[in-house]
Every structure is written in structure tokens, then in C-alpha cells.
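The first chain written gets the first letter, and so on, giving A, B, C, D and E; residue counts start at 1 in each chain.
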Amino acid sequence: MASDVVLVIGGGPAGLEAARGAADLGAKVVLVEERDHLGGTPVFERYAALTHGFQDAEEVMNRLAQEVTTHPNVQVKLSTRVVGCTGSKGDFHVTLTKVSDGASETVHAGAIIVATGFQHFDPGRETQVYGYYEYPDVITLADAEAMLKARKFVRPSTGLPPERVCFIQCVGSRDRQIGNEYCSKVCCGIASKQAIEIRQQVPNCKVYIFYIDMRMYGYWENEIYWPAQEQYKVNYIKGIATEIIQKGDKLLVRGEDTTLGRPMEVLMDMVILSVGMEPSKGTREVARILGLKQNKYGFIEVPHEGVDPVATSVPGIFVAGAAAGPKDLDDSMSMAGAAAMKAVAAIRRAIAVASGG
Amino acid sequence: MPKPGLDKVDKILEKDVAILEGMDISGHWNRMFEQRVVWDYSTEILERITSLSGGESLGWCYQCGKCVPVCPVDMVGDYGPRKIYRKVQLGIDLFHDPDLWLCTTCMNCLRVCPKEVNMIEIMPAAREVAVQDGNVPPELQKVFENTAKYGNPMGESPRKRAEWVKEAGVPVTILPMTPRPVDVLWYVGSYPSYHPRGKDAARAMARVFYALGVDYAILGHEEKEDGDSIRLAGEKGLFEMLAESNIRTFQKYSFNRIVVTGPHEYNAFKNLYPQYGGAFEILHYTQFLAPMLPQLQKMFVKELPYTVTFHDPCYLGRHNGEYDAPRKLLQAIPGIRLVEMPRCRENGYCCGGGGGGMWLDGFSRDFIRERLSDRRVKEAVEVGAEILAVCCPYEVSRFEDSVKATGNEGKLLVRDIIELIDEAMGSPKTR
Amino acid sequence: MALHAPPKLERYADIPYEEKERLFQEVKADPRFPDYLYGCYECGICVAACPSARFYDFSPRKIAQTLAREDVELFFYQLNEDVWNCSQCFSCNRCPRGNSPGGLITIMREVAVRNGLRSAKEALEGYSRVIYKIMATGTQVSPDMIQADAFPDWGPVAKETADNLELWRKALPPETMHTTSTAWEVSEQTLTELYLIWHMTGVMDMIKEVDEGLHMILLDVMEELLEERGYALAE
Amino acid sequence: MEYIVLCKLVPDLVEDLEVNSEGTDLDRQFLKLVLNEFDEHALEEALLLKEAHGGRVTVVAPEADGVDEVLYTALAKGADRVIKVTGLGEKLSNKRLAGALRNFLPSLGFDLVLTGVQAVDDLDGQVGMLLAGYLDIPHVGVVTGVEVEPERKVARVRKEYAGGLLGEFEVQLPVVLGIQAARQPPRYAPITKVRQAMKEGKIEAVEGRAPLGLQIQVRRLFKPEATGHAEILEGPPEEVARRIVAVLEERGLLR
Amino acid sequence: MSIHAKQAEGPLGKERVFKRDPDLPLSEDIRDLVFELEAEGEWIVQRVPEPYVEVPRKDGRAKKVPLQHTWHHKSCGQCGHIPGYSTAIFWLHRKLGLEYDDPKDQTSCTGWNYYASATSNAAAQAAVAVRNFAAAYVTGFFPLIHCGTSYGHYKEVREELVKHPELRAQVREIMAKLGKPLVMPEEIVHYSEWVYAVRHEIAARKVYDCREIVVTVHPACHYYKLVQGDAIYDPDIYGGQRTAVVTAVAKALGAQVKDYSTWFDCCGFGFRHILVQRDFTRSFAVNRKIETMLEEAKPDVVLTHDTGCVTTLDKSQFAAQVHNKKVGVPVMSEAQFAALAMGAHPYRVCQLHWHAADYRPLLEKMGIDWKEKWQEFEEDLERIRRGEKDYLTWEDVDAEIPARHFLQVS
């Protein structure tokens, strides 16, 4: 029997937007989120301003969550995990359990939207390079977001504002040895955005960005990169770092200045690793439970990407956001809209077929 | 030990005689090298330059490298607009670096720069700081002093500015001597007034104007160097003094428009003098003559059966967008076959004379492999030209030197367009 | 500080392009080549890790780029001048693209040696004694090679060891190490096997290309032992 | 340290020099006056000394056409005080000038007086020597380098002798030095600084008082008669070489 | 100066201890391929003999390190001028009562020559390696490799043999001619991994207090940069972010390990350079390593685990004094240092008189009376000189070992 329910897995930006979209189109939506709050990684990791747009991440996410939780067609299940799934397009039976007490229930859904997102690359996997687990003043983009959001951008080792900070791009991305050959798409923009925020919050701090190539998409170029360089005097230097090691109370960053063709060794107060995206644990787990094909990196495969960017290998199951690979917020939201439309269309068609229409 | 690699190290430490604990480790036995490492990125110099009025855009460079293949100096040396940014980013003091004086402000980098890093403004701004600090290459200092004292970079007597007139063969009105309203004020310029080959062009111009019946006059000893190249070389104060003086002089007389011999004057009068209260209608002589071609053509009496190539002056072409007027004139001259060099019009190669380069040949010799004008002359020879036609007074002397330096004497002649016109009109002074 | 020094390519202007191309193809044909070169995006990680780049105008990145871009002229320059600056520490193996510039240099050096390039001969001048030791004895730096006059920069200890060599070697508890002309004692059977390997893998031909004298001396030593042990050297 | 630099304006050789109708002086109608080149070096040396040891540079020049501009330029270059000596008239002998200076320089107070070794208009080189004589202090001329030790109140000066010899002297301050060349070429005064000096700087005027003594009379000023001329050989190198040989043979210079 | 994992608390109180995500797929394990080839009858895989210790690898897997029945692949660089390097390794085995073989049927891996001169090729290098493996195999003892380069090079050879069937075929043909089997050990094990594996047993037997000894560690490039996956990385050492060998041993002995900013740098050996371009080697060893260590850590001793590194860092110091460089710190292997701490004779066992930089202050700081020890050694030499003894023997040295006892594997 066909169900008119759209199950959305994941309460981050893509999940919320998919739920809102499907609900607005008149479908009944069940939104499942493993954490005890909505808003996904931007809220959980305490992002500061959104990359591109510079609005407050928490405010934007809360507004979106508010619309979803108050929507009459949406039922939100927090602290809930997906543990099993049977059935097929139009007629899925998905088992959920409560994280707290293990109580389980089944949702009957006509279509599923997976929006389980990404996690930041763990710089410890790239050993002997960046010393994230050795030096407190080596932090990641996510750590920096939280500090900038708290408006307390200081050296963790001293609690004092830094005088020289650098970003190192492509940490965990574009690296055959790590196994992540892909570009994580957003880190160049985020680093530049954070560089601006650092210059705003700590005006005396010099900021450097060591990069292979600055991958700025569309308006990120003129909205983020150029102002960072031209207005905020962020120094961009081609060549990323090979290793970071403590020297006195500073960090010695060693790389090559590639346009100069000489090794460089410069002292920094803080180093921010521009860590890329990997599929979240939830993405990998849900893909396994739902039987979705994953690509070699663990992201959910989209067989007809380009012309059908939200379809997975299983009919009736759609994907939105970074669960399908590195995505920026704009892409995630657009995908979520498309997935909502596709999911609602799928259940209507299934119901029509079931009712012999 | 053999010596491989010694030409690849920055600095060698080696004590000729060293005996330690009874061991003789003289010479290569104690040889060591210094590291070739970038230790710091000091932003001080970059901040200093970008805080100058005109210097802001240096900080915009994102190292795309589009400027490198079009920079005329980069082609013959280690200088390049992109590299300037890198040097400064490395904390190298541009104010004391030879690179400060190598840019000819030819504007080809700005033409292609996606971020509009404007060397035409950055360089004069940075040079101005150097000049204020008294840090000027000696030959340029001499030019500044000459110009300040005498109103011309050569340090010639101002009284002799109109001496060339005596051999023009036609009457020339000198306004201070016979003031009267005229249609055209011809601003002759320093090189056509004093340089032997410049004077040739000046006389040719006088004859052509005379033949055309142009109602014109010159300023004689009241004319002073326009100052544009002085400004670009960093002596803005001197430029302002010259501008004020020239404007005062212009305002003393009644005329409809100013015709200039040179592109640098054209640029100064057209684009800068208005800021100092002197807005006039300005025409480069090629622009003045081109519309008169029907009249001119009737006067051509001699065929000039030569293959001619034309060198676009940076300050007429790229800086002011005029590429056609000189070509129209050349093509109208009977017998001339105009061929283009690969680098022409918007991508024309610089003769090396702009932005103060005219007076820095001695200085830049140590930093470039080949003079820009030498390279340009070779390009002209390569396209099979017998005559290299020019219309900037800097160029005749530069290129004639280069013709000699590159061993092309007898193969290539350098002529101002006005000289060719004059010759085609049957001037008594022939080649 | 020069921002980039143009390579001194003109030094090799006399060598025909075809010859450069042939050597380039020989490098590319090595079976290890595809494992050592994927592509280069100029991140500079290899140079930062490179000891030679600290002192020499030498760059593993440029080696990888030159090969990837198939710049035959620059390749030939590097084949003659750069490869011998490499320290072969393989710090450059940290390449995020999976390249091994050090490995590429290994291949290039082998090609330089196999083709008897003058630069290879020059680079290996003074090194033949070591090659002789390894080929002939199976051990590399024997204690008798550290002679005071060749190592004054190592201080008085080099002289002291040389002076007391025989005695000090006897004062080593491991019995394999009492020798002075080899690092340790190697049985004749072991040596025989080693010589056979040299012959069967074409290593002797490579030696011949860079040092004919050494080649002859080695052949003498080897032939004697091999004949004694009943192996005839195939021609 | 107090440095006094004596400056004098001389005819600019850029303009053709014409002799007046009486044949006793230059025709001054078109004459342009410029700072004597050696005096420029004296000023440079003083400025270098001030930069090294601190102190004050005072420039003193007799009034002449264009002297204001010269003094403002000195201010722009870094002089601290400029003084114009007035009332000495146009035809001023060195002796009168030295006499006038002697009368008021001591009131300024000084450690070193630097003056150009000579002026191109008279080639006498007398002012410094006369002044030192009047004041009974040491004088060294044809100096090409000066160092001072303010604590010991001495100066070490260098001069060049013919035959490539260099002499170095130590002399007690105060002293008068005749400078032939400063240690570096005279610096450039950017026009903005000169203009600023014109706006903000102050030229002090001092009435010169000097006894009229015996004067030297100019008998005749004239241009030398040309005694020969150069011939420029033109043509291909071989041809030029042939003609050089022919000329040399002609003159009996070849054997 | 180094702040290690546990101190390194993240901003805003985030925990900063690296834990490998068990769900993440591991990269390919060459050992699986080695066994596959064995299953296909391509070669024989020599198993790590029991008892072995499992130690953590860089790639998150475990590596088997044999405790005894080891075939000691000596280093052709050590024996010539730092013979205490291998002697100390043997001594540690004897002291711990672990059986080993010091073979004569062994050649250099010839890697030094290969990397220095390239007068060799992949086939020759593979054949030499496999010949040595076969020589070990027939003794029943498992290869334990003394040299960092041999270790790295053999792993490189293993990769090439696995990847290139034609190379395997060529080597097989050569081995047939030599009458030897085609053998590949299950693990390629460096001696420093063995020292790491027995570090606690060593520490339990130390007789000198090392707490005041400041140590800097130089890891050998060919140990952890050339074929990287199976070097030892221990979560307790540098937070698992750098190789743990050597450092773990020094720490177990109670010494103060200090960090310095050129830790990851090579020593400057350069293969060819150490012999014919020592200007470069000296520049690198002194400017990049010794001087930096002295400025930042003031070590009493530099410990490393490769013969080339010991040589380079030790011998390069002398001539640099001419240029007023900061030098003057002894360099030795962690095996020599461990042996010293366990009471080994500084001359009979550790053979420190072959070293160039002054080691005596270190001995004094450890409480070892080097004058007395040198006197003893001089007497040994005198006996040999007089012909009373042919050689100094293990018996002479073992006499110092109180009693033979076998190691309890925990």
C-alpha cells in the first residue's frame, strides 16, 4: 500500500529545507534527527557567519528550524535514529529508535530524502604533517568558526589574541595518499571568509593563506576573495605547507613559496587547517541501512548527476546536501528543494498507481 | 671533492686556511652553504605602498601571471609586474630596489590585468616616495635638475629652444615675439626643439604646416617641458611646476587648439593639465593631419617605394587609444607598403623610453639583457621593414641607436612619420 | 633575490633535440614511471620537505612538472644537472598526488648512467672506489676507506681510527666484523651469487658506460671467482 | 656641531657667454647665475656630517640674482638656516667678501666652515684661505672627504695629490675647509620640498660690512682665437682606417 | 617545548586526542597481496616466528615484530666506522637472552650505491634483496634489518615485485640460477622496531639513571618516508602523529625527549654527498639539524636509528666549527644508548671511540666512569697487541652479563 508520507533523514540545512518544501507541497513529512536539536553541522559546530552572505549561521538555521517545527504537515523526531528499512518505492517501512531509551517505532513512507550531511576531515589521519593533536595553536576551520562566533579569537595556548595567523588549504582534500582525491569545494571560501572575520575582530593580526589554487565559485570570488585581499589585506601565498612544528612559543610553518621556487619557513601564532568534507558517520550508516550505493569516498552516489542531481541508486529515495558529496549551503538548499519536489511527485505517482489512476 | 652544484647555491662560506685540532681543513674541506629559504613575509612594505595614493592596487594582485608575457621588461630581464607584488610580499624594500626604476609605464600589464593592478599609478607613487627621500638614480637626478633649471631635460639654454626654426626653410611664427591669435598652437616639445634628429622632425612639421597653410605658431623660449615622463619618474612636484608654468603661458595667447608632436605631451595636456586648470583641445599631429589627407594627397609629389613598419607609441596607443591616425597617414604616402610587426596596436612593444626610461638607459643596463629598443628594432627587421616609422620624439633617437647597436645599419632606417610626409611632398631635404 | 632564474638551457644547445627526446622516452618507458608520476599541481609540499632545496637551486616539484609537461629541453638540463643534487631521502614522497619525485630522479639517473652521459661520469668521479667495493665485496663502506687524508673534515677521530684500524677491528666482539677490507665477512658463495646477479641484470653494462676502467677491474675480480666456482660468464 | 657653508653664485655656462662692449666684463643681460658647483659639494658634505653627528647647517651666500632660489633649495636639502649677505654690490672681490664674512661669522658660532675649493668665475680659491687667516684658524683646501670627532673637537680630512696619492690630516676645530668633492654626489632637492621651503622657510638677511680696499682692474676679457679644427672622418671602417693612415703619413707621424 | 596530545586541549574545551575512526576503510595492505602471491605459488612467504609482539602501524594496522630467531641484516654503513651500532644490537639480544644469527651469507642491500650512483637497476636491486631473504629463510631465522635504507629499500622492492609480474619473473629466473627459492618475508622489520618492542624489558634492566639526560631524536627518512604505511606510530608517542621508534625507547628509559623544529628534516647524508659532496652534507647536518637542536633543545645526546644518520650527524660537526657554528653533541643509535643505560661497556660494546663528537660529557652525566672503562679497554687492546688474544670476543663481554635469563613476553 502506498504511503503519502515523506521521510526526511537529517535535520541540517538540507533536511530542513527538504522537509519544508515537501510540507509546503502538501505532503506529510516526518523529519528524523539523531541529535537533540535541529540545524545540523552549522549549529552543532557553532558556525559564525555563513560563507557567502555573512548572515549569522545560528539565526538563519533557527529561523529555518522554526518554520519546520511549526509547520502543520511536519512531525519532527529528535534524538532518533534510523535502524532498518524494508519495502520499496511508495511503500517503505523504516524502523526508528530513540537514542535515549532504545524505544523503536516504524514509519510508513512513500519516499525518503536522505540529508545526513558531512563531517570535517580529521587532520590526525594525515599524520606527521600538521600536528593538530600535538599543538594547541593548530586548529581547524570548524574550531575557528566556533571561536569567531564566540568573538573570542585567541591563541588556545595563551588565551591572547594572535598577531600572525595562517590558513593551510586542502587539508584532507585533493590528496591521493589520504584517499580523498576530490576538492571539498567550500574551504577556500570559508578560509577567506574567516580571514575577513579575523581581520575584523583582531585588526592587528596579519593573516596569510597558503593555497594550491584558490577555488572560488561564482560570486565567492568578488564577494569574499577579492575583499579579503583588497580591503582586508589578507596575504595569499601559493604553496601549501608540508609540516608544522613548534619553535619556541610559535609554530613554524614549512612549505614552498611556489611562485618563488624557494622553501619557506615562517613563524605563526596560530595555524588554521582548512579541513575538507567527508561523509558523516550518519551518511555512511544510513546508506548502508537503505541499501544506497556509495562512491569510493563513502558519499551517496547519484547515478545521473547533472540531469537528476537528487536521485540515488534506489528508486523512491532521494539525497540532498553534502551526503552526496562536498556542497556549499546554496547547493544543499537547491538540492533539498529538488528532492522535496521529486519525493512528493514520487508519492503522488505511487498513490495514483496504487489507486489504479 | 668535485664542485657540482656550486653554481646553484646562494652563498658559500669557505675559509682558505683553517687548521683545527691539528687537522688541516683549509678550503673546500670546511666549505658550507647558506640556506636559500624564505623566512618571513613582512607586510610592512606592502602596507606602505598600498597606503600611497595610487599605490592601492598593488595589493590586489593574485598572481595569475597574465602580465608576464606582455611586459616588455620581463622579456629581457627578471623584472615583471607580478614579481613586483611578490617581492613586496616578501618584504623586499621596493623603494631601494632597482625594480622601482625598470617599469616604463607602457601599460600593457594593466591592459590585460583582470584585477586592474595599475602599475601606471603604483610606480609613480612609489617613485615619488623614493624621490622625496633623495633616492634617485644619478642620471635621472640630472634630468630633474636640468628640467627644473632650464625647462628641458637636456639642460640646454631655454633661449635656444626655437633655434631649429632658422633651418626650417619656411617662416615660423614665434608667439612671444609676434603675438597674434592663431588657429593652432603647436607645442613642439623638448626633443624636437633640441635633439638633432628631433629637430629634423620639427622642421619637417613646419614645412608641412606651411604647405597646408595651417594658421599656427609656436611658443619659442616660453615653451617648457610638458613634464609627463618626469611625473611618471616620480618628480610630481616638478611636473606640477611645469604644468602651472605651461598653462600660464598657454593662457597668455589666443588659439583654438594645441597640436603636439609627442604622445607624452598629448597625454599630459589631455589627461592631466585639466586638473591644474588648463583644459584645451589637444591633438597629436597625426590626429591633426589625418583629416587633412585629401589635401595632403594632392601635394605628394614623390613616391617612397619602401616597406615600412610602424611602432605604436605606448602613450598614443594604449594610453590614449589612437592607433589609426598614424597608419592612415602612412598608407596614404605613395609607394609605401605598410607591414605590421607581430606586436602592434594594443599589444605594441615598448621602446623603453616611457616613464623615465628615456633617462635610465645607463641605470637599467645592469638589470636587463637587452635594451627594449634593440629588441623592437630586431622585430622590425624580422618583418622585412626598410623603414621603422615612428611618431614619438623619444623614438627616433632611441631606435637609431638601436639600429647601430644591433648591427642593422644600412638595413633599417628610422623616420618620423612627419619626415616621410615631408619627403613625399618633395621637401628639399631628402633621405 | 632573483624571483626566478632562467635555467641555463643554452649549455645543452648543441645536443640534437632528437637525442634529448630519445632519453626522455627512455625515462618514460621505465615500468616504475607511472607509479612515480601522476601530475603536479604545484602545492610545493615536496620542496618544503626537500633537503637539497634548502641549499641548492633544486626542486623536486620542477622535476615532476617538467616530466608531466613533457618539456624535453628542460628535462635534458635536469637530467644532467639537477638529478645529482637530489639527496634521495624520499621526503618528497609525501606528495598529495602520489608522485615520487625522488623515484623519478632514480629513473633519470639510471638513464643518465646507462647512456654514459658526461655529466653522469663527472658526478660519479671520485665515487668509483665505492662502486668497486659494493660490486666486488658485497659490502659498501669498508673501514679501510676512511683514510685520514680523504676525511680531514671528520676530525682527528678519522685519523685515529685509520691508525689503529686493525687493532680496533679485532676489539669488536662480533666475529663477522673483524675484517678491515670489508664491512663484515662475506662468504665466497655469497659473493659468487652477487656477481651472477650483476651480470644477469645488466648492471655490468651500466658500469661500463660510466667507468670503463672500473668495469675492467671488476670483470677481472669476478671472472676469477666465478670460474673457480664453475660458472662461465656468458658473452 | 655647527657647520657653516659658504656659497656663491656664478654664471651658468649653459648660456653662451658674451663679453660686454667695453671688453671688461661679461654681458650680464642674458646671464643666468647658478650655484658654484664646488659649493654644492661643500653643502653636501656638511649635510652628510650633520646626518652622522647631528648639529646645524647654516648656509651663507652674498646677495645675487637667483640667490633666494639657491638658499631655498639648500633648505629643501636639509640646511637649517640660510643667510643672505646684502649690500656688498655686484663687483665683489674675494677679499671684500672674506672681510665681510669675518665680521659676522663669529657671531654665528661654528665648528666647521665649508666652502667650495674655488669658484668657476674667478678660479682664485681665496675666500676660505683669507677667512681662516683673518680668524686665525686652520684651513685645508682641495678636500675630498671629511670626518669629525665631536668629542675630541677634531676633524680628519682627506685630499688627493697628483700621482694618485691620498693624504689624511687631523685638524683641530674650528677650521675652514675648501671642498673639492663631497663623499657622495650632491643630493636632489625635490621640487615639492623646495616649494615648501619657499612657503615656510625664512631667508635671513645680514647687512654686509666690509672695508673697501684696493681693487684689481680687469684690462681685457676676450674669446680665444681658434687655432685649428677637427675633421670628422666618415664612411665604412676600412675607408676611415685608410684615411687615418694617410693623414698620419702626411704629417710625418709614421715611419 | 613540545606540547603533546593530552595537553593539547582544543579551543572551547574540545578533546584533542586522535582516535582512528574504525569505520573508515583502510588503504590496501601489501601483506595481503604478498600472501595472495604465495597462494598462487609465486613465492614463499617467510612467517614471523613466534613469539612476536604486535605493534601499531601508521596506517592503523598491527605489525608483527619477532622477538628472537632473528637473522641480522647488518648495515654496510655501520660496520666501517660506527661498529658499536650493530654490536650494541647484538648485545641487547644477548642481555635479554634472545637468540639471533649474525650471518656471513649476507650482502649489503646495495641501496646506498643505488641511491648514490644509480649504477644499478630495479632487477638487480630486487635480486639482491630476494637473495638475502632466501639466505635468511634457509637458516630458519627471520630478517631483522639494521639499516634504515635497507629497510625502506626492501619495502620498495617488495612493492615493485608485487606490482610487476615481469620483474618477479626476472628475479625468479635469477634465483633459479643461484639455486635459491623466491622468498618474501611476511613483515619487513627494522631493528628499531625490535628495540621499540622490547623497550620496557630494556627499561626494567637499566642500571643508570637517565632522567637528567636530554635527548633529541632524529628519525631516519628511509624508515618512515620511503613506503610509509608500516612504520610504527604509537598513540602514546606524539599523539600518534609521528613515528614512535627511538622516541618511545628514550622515554621508556626515563630520558627527557625534547622537540626541535627540524625534526622531520633529513640528516643531509645524501648518499653520494656524504662521500664526494660533503659541503652540502655538512651544511645540512649542521645548519638544519645539530645547530637547531642545540639552540632549541640543548640535548646531551642525539639518538637515531640509521647508520647513515649517525655518521652524518656525528662526523659533520667537526669542520663546521671553523664557521662558528653551534656544534658539539654526541650522536648514537638508540640501541647504543639503551645498551649504555643497561650497563654495557662504552668501548667494548658501544665502541664510542669511533665517534667524532665528544661523548664523554654524556657518559659523565649518566654516571659512567669513562676513564676507568677506557683503561679496561686499553688493557684489552694491549692483550691483543701482545698477541695474548686474537680478538675481543663475546665471552669477554658476556662475562659482564650476570645471568642468562629469558624474556617474559607480556
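Everything below uses one rule, namely that a contact is a pair of C-beta atoms (placed from the backbone, for glycine too) under 8 Å apart; a residue touches a chain by one contact, two chains touch by 3 or more.
In this text the structure is predicted, and so the values were computed from the model without any measurement.
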Other chains in touch with both subunit A and subunit B: C, E
Target subunit D, source subunit A, minimum contact steps: 2
Which of A-C and B-D has more C-beta pairs touching across its chains: A-C
From subunit C, the most remote chain by mean C-alpha position: D
Distance-maximising chain from subunit A - centres being C-alpha averages: D
Closest chain to the centre of mass proxy, which here is the mean CA position: C
Inter-chain centre distance, subunit B versus subunit C - centres from mean C-alpha coordinates, in Å: 54
Subunit D and subunit E, separation of their C-alpha mean positions in angstrom: 79
Cα-centroid distance, subunit C relative to subunit E, in whole angstrom: 23
Rounded Å distance between subunit B and subunit E, as computed from the means of their C-alpha atoms: 67
Multi-chain contact residues (two or more partners), subunit D: none
Contacts with 2+ other chains: residues of subunit C: 3-4, 49, 53-57, 84, 94, 123, 125-126, 153, 155
Multi-partner residues of subunit B (each touching 2 or more other chains): 1-2, 4-5, 20, 23, 25, 29-30, 33-37, 86, 90
Contact pairs between chains, per stated definition: A-B, A-C, A-E, B-C, B-D, B-E, C-E
Contacting residues of subunit E [partner subunit C, same complex]: 74, 76-81, 83, 86-87, 90-91, 102-108, 110, 112-124, 127-128, 131, 135, 152, 160, 163-164, 166-167, 170, 173-174, 177-178, 180, 221-222, 225-226, 228, 264-266, 268-273, 275-276, 278, 280, 282-284, 287-288, 315, 317-319, 347-349, 351, 353-356, 377, 380-381, 384-385, 390-394, 396-397
Subunit E-touching residues of subunit C, taken from the complex the two chains share: 31-32, 35, 49, 51-52, 54-56, 84, 87-91, 93-94, 106, 109-110, 112-113, 120, 123-127, 130-131, 134-135, 138-143, 145-146, 151, 153-155, 157-158, 160-161, 167-178, 183-187, 189-191, 193-194, 196-198, 200-203, 206-207, 210
Footprint of subunit B on subunit D - complex, ascending: 12, 14-16, 30, 34, 185, 187-188, 190-195
Touching residues on subunit A, where the partner in the complex is subunit B: 206, 208, 214, 225-226, 229-230, 233, 235-238, 257, 259-260, 262-267
List of subunit C residues in touch with subunit B within their complex: 1-5, 53-58, 81, 84-85, 122-123, 125-126, 152-153, 155-156, 159
